[in-house]
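Input: structures, listed below.
One chain, chain A, links the two complexes that follow: it is found with chain B in the first and with chain C in the second.
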Partner chain A sequence: MEKLNRILLIIFSILILIFVLSPIFVLIISSFNESRYFEFPPTGFTFEWYKAFYKSEEYQKALLISLRVALTAAGIGLLAGVPAAFALDRYKFKGNAVMQSIFLSPLMLPQIIWALGLIQFFSIVQIGGRSILGSFAGIVLAHSVIILPYVIRMVLTSLKYVEVDLESAAMSLGAKPIRTFLEVTIPIILPGVLVSAVFGFMVSFTDVVVSSFVAGTRYITFPVRMYSEIRTEGLDPLAVTVSAFVVIFIVIIAMIGERTAKWSRFF
Partner chain B sequence: MQSRKKGSLILLLLPASLIIGVIFLLPFIFLLVQSFWTYESSFVSKPVFTLANYAKIFQDTYYLQVYLRTIKLSLISTGITLLLSYPLARFISRLKTGLKGFMLTLIALPMIGGAMIQTMGWMAMMMRYGMLNGILMGLGLAKEPVAFLGSELGIVIGLVQSFIPLMVLPLVTSLGAIDVTLEDAAKSLGANSLRTFFEVVLPLSLPGAAAGTILTLMMNLTMFVTPSILGQNKIMVFGTIAYQQAISVGNWPFASAFAIFFIMAVFIFAMLAMKVTSAIQKSTKQPKAAAKGAQA
Partner chain C sequence: MHSESDIALTISNVSKSYGDQEVLHKIDLEVKDKEFLILLGPSGCGKTTLLKIIAGLLPANSGSVVLKGKEITNVPSYNRDIGMVFQNYALFPNMNVFKNVAFGLRMRKVEKTEIKQKVNEALKLVRLENMGDRSIKQLSGGQQQRVALARAMVLNPSLLLLDEPLSNLDAKLRAQVRVEIAQITRKLGLTSVLVTHDQTEAMTMGDRIILMQDGVIQQSATPTDIYEHPKNLFVASFIGSPQINTFKCTKTGNVIKFDEFDCAMTAENLLSLLSKDIGLASIPDGKYVLGVRPEDFTIGNEGNHRVFSGKVYFVENLGADYYLHTKAGDKTVILRSPQGCDEYHSNGCVLELGFRPGSVHMFDGETHERVGLA
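Showing the complex of A and B:
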């Protein structure tokens, strides 16, 4: 009876796992499927779509825009998030808990409602006579908001692993707070910081909700391009192949992240 | 020294506070104000106070139906997500560290991959001759291709898959924190595994389940990409109407009122849900104490 329960649980869990990962499998399979109509079982194996992707300047441009946005936004997320997480963890002050939940609130509050307000705010903010709505700066700022809470949460988690004793030991040996921070604290929290940077990058790179609101016509990121294309022209194998390419990239990064930094402990 | 410490604290918190305060919180005020402004023409509104945008929600039943459909689909999806996530989370929480990390990494892939990638995968699968119909007809479960695209069924399938990770992660955390000896104690006292689960494991994992459920429900209620693509514009929900009004029609005052009314309803709903969970938790405290006593 006990054993039967256990086997049932394992089978059920594997089925759910397959269900959760099925869109990813299907994208990868479809990118090699000869059929234009995503027939299953696949009608034949082909590299045709990858060749088309290699030639498609449009998609490569969209990927490059996404890359630029994600790198810049992740950079801002780190620069703002790491010091904030450090302050929240190490300083006891009034309102610490409240501040922490405000910083993490973008994870809980619906993005689409915020995005509705954001376009209204951006439409009146001008830089050099042009509205920030639809500009590179606008997208990057919006993305830094989605990245920031992840950075703060993950760095907070990694700071919990640092023993405050180590820091006070360094300081009692004469190291200044700055030096202690650079030489003791940073090396220990580095895995968490790196994981949060990679995670933040991915969240920005694959975001479609916020981007589809703030993106104008000049900076169309890769997911937004996919979204508008699918809505107007339906699903085509080239779009699927570009997504499969991104998925393969994400899976590789995730595996490296888990193997080297055990990144799941920061989730 | 004290003021220097205060100075560095402010300096450390400043960049993040600016980003969250200006880019995240301030837009909600814009949203609220805009919802009382007067719509003139596409993307043009004037700052004249009106309640017309809120009144428009109730003018005919269309928008109310959209709200109700959104709530219905969200409750169904969240319920199924919770049911499917529990066993999986239970399984993962009992794995050894290395394997557990690997499984969590796999489970989190859809979260990192984003809504667009999941939805594209589902669209390919749900095509007339796609994988789902291929399997159904191959097994003889369906004679003709099922029209998943443009149906509520298709949307629910897509939503459940997308949000299982959000539910599993907090569940694994709270299930993993349960002392195994508690379960052993219950079993050694003669409880079978079903009873152990319902009287020991389930009550102790409620905080994680509540956190996951509230988050998943929020996400479902404001879903946008999944219903937009898998619903093929045939099934309109809150998110798709909000996008349509804001981006295609350009009626920002109405889009704002439509969103504010909904978020208010959602918050009241969430408060009620939290009240109910805490009431349940209070009433199930006893088995925990009993199991603790048995352990001693």
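Showing the complex of A and C:
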């Protein structure tokens, strides 16, 4: 009986793994396919599509925009999120719980609804006489906001590892609050902060909905470019290859994250 | 009287409340130089709050703290000349043993070679020499405890504060570390304040015990004194294991009658049994509580003060002696009986019990204060 249970469990697990991983597997295999048409199983092997991707100016430009947006937004997310998480963790002020819910609300709302509101809001907000809708600042700001809940959540989790007594101990040993924060608190939460930065980067880098609403035409991000290419050109090998490239890129980041910071403990 | 320099720490009129709830009520206390003081009490009595106020980790609502003649009430923790050992050790996980112990010296900008020398001395003192390179995670609970102690002591502070330092250790280790801490602090001549809820710790480690309840000091006395002369019923009940037996009684004229079971004695008879000499005038008619420790009973023909009989219903064998659980009427009476009186140590055995002269504590039935205190 016990043996049967084990076998069933293993079969079930394998089925789930196949279900989750097969699209990615198909994608990566297809990106090396010789044929001009999307087909599986592949008929030949080629690096042609990766070369085409490397030569495509549009994709390159979009990739660069995405990288710039994601880096800046992750930075802003950290600057706002780390102090916010610290305050939420340490000070039991009135409305603490409400604040936490508000900070996490972008996770609850359908992004498209939130993005709609953002368009309306951005069309009012002006910098130097111009609406920030469609500007670099606008898209970075929007991404910072969708990153923030992740940063706050992860930093809150890592702050749980810092016992308040540790900070008290440092102070009783003669460390001023700033020294205490730098020498005791920061080293302990650093892995969490780094992971939240990487995760924030990924959230920004993979976002389609919010970007396509607020980006306008000048700052078309990588996923938005891909999406519109697929919409207009259909599922061509280039799009498949670009997708495969993104998957590989993300898997590498995830592996580094797990190796260096064991980041799965923050979810 | 002590001269100024004999006093290491003076706390005057310190109160602390959270909202409506008062945690400390006008606490006054002094700690003598090189004294090992215990703050003892049940959880929630305010002892840890008081320690944190002394450490500067919590502000008091009122009152003052004076350390070595210097008022430090509003001095932040990092500028106080103290060392503190925390209940969960609070060792920095991102630093190894050496760096943990060196932290305070580094904050005080001590020279590197001196730091090295002092840290190694401190580690040697707690028997962790050559362990400086170890990471904290590699250490056992007892070793972590000793690192925490070394980290606080290496600064040679005017005052060493210990917050329940033994409560995370297992029983065997606790007994060992208990002795070690008491020895080391006395060897170094450190003035120490230790918070605990464990009366064994308090009795064995302290030069003096301050017993607190509900934010008020109940008694401040040496371990012997607090055991033999408890100021009130709370102190008598808190200190001692098994707990002191209490007998409610009523005095009418010359007769003292027990309320809970059938027993009576004359007032003169009772006075001769009390732990403190008082006259008849001190006990007017009324309600009283008698406290008798488990070891202060006479059994059988041992004494001439047979008072009542108790029926043994449960026997605990502790090796060196026995705890006999007996019933006098419906009242449970626990007494300690030495090895070798085997005839008493069986269930169902009925014992003639009396009180050992000079051992009975008498408390007012209303205030629970010791009778004849003033």
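Brief remarks on what is shown
Methods note: the second predicted complex is superposed on the first by the 267 of 267 C-alpha atoms of A that agree within 3 Å, B and C clash if a C-alpha of one lies under 4 Å from a C-alpha of the other, contacts with A are read in each partner's own complex, and residues count from 1 in each chain.
To be clear about the criterion, contacts are C-beta pairs under 8 Å (C-beta built on N, C-alpha and C of every residue); 3 or more make two chains touch, one makes a residue touch a chain.
For clarity, every value in this text was computed on a predicted model and none was experimentally measured.
Superimposing the complexes on chain A yields a three-chain arrangement in which chain B and chain C fit side by side. In the superposition on chain A, A:Ile252 makes contact with neither chain B nor chain C. Of the two partner chains placed by superposition, A:Ile127 touches none, neither chain B nor chain C. In the superposed model, A:Arg231 lies in contact with chain B only, and not with chain C. For the combined model, the angle formed at the CA centre of chain A by lines to the CA centres of chain B and chain C equals 90 degrees after rounding to the nearest 10.
After overlaying the two complexes on the shared chain, residue contacts for A:Ile11 are found with neither chain B nor chain C. Residue contacts after overlaying the shared chain place A:Leu141 against chain B, while chain C stays out of touching range. Within the superposed three-chain arrangement, the count of touched residues of chain A is higher for B, of the candidates chain B and chain C.
In the superposed model, A:Val240 makes contact with chain B only, not with chain C.
In the superposition on chain A, A:Leu182 contacts neither chain B nor chain C. Between chain B and chain C, the smallest C-alpha to C-alpha distance in the superposed model amounts to 9 Å.
Overlap of the chain B and chain C interfaces on chain A comprises no residues. Listed in rising order, the residues of chain C touching chain A in the complex are 55-57, 76-80, 82-84, 86-88, 90-94, 103-104, 107-108, 151-152, 155, 161.
Per the touch definition, chain A reaches chain B in the complex via residues 1-2, 5, 9-10, 12-13, 16-17, 19-27, 30, 37-41, 76, 79-81, 83-84, 86-88, 91, 93, 99, 102-103, 105-106, 108-114, 116-121, 141-142, 144-145, 148, 152, 199, 202-203, 205-209, 212-213, 223, 226-227, 230-231, 235, 239-240, 243, 246-247, 250-251, 254-255, 257-258, 262-265, 267. Looking at the complex, you find that chain B touches chain A at residues 5, 9, 11-13, 15-20, 23-31, 34, 84-85, 87-88, 90-92, 100-110, 112-125, 127-131, 133-135, 161, 164-165, 169, 192-193, 215, 218-219, 221-222, 224-225, 228-229, 233, 239, 242-243, 246-247, 252, 255-256, 259, 263. The touching residues of chain A, counted against chain C in their complex, run 163, 165-166, 168-176, 179, 183-184, 187-188.
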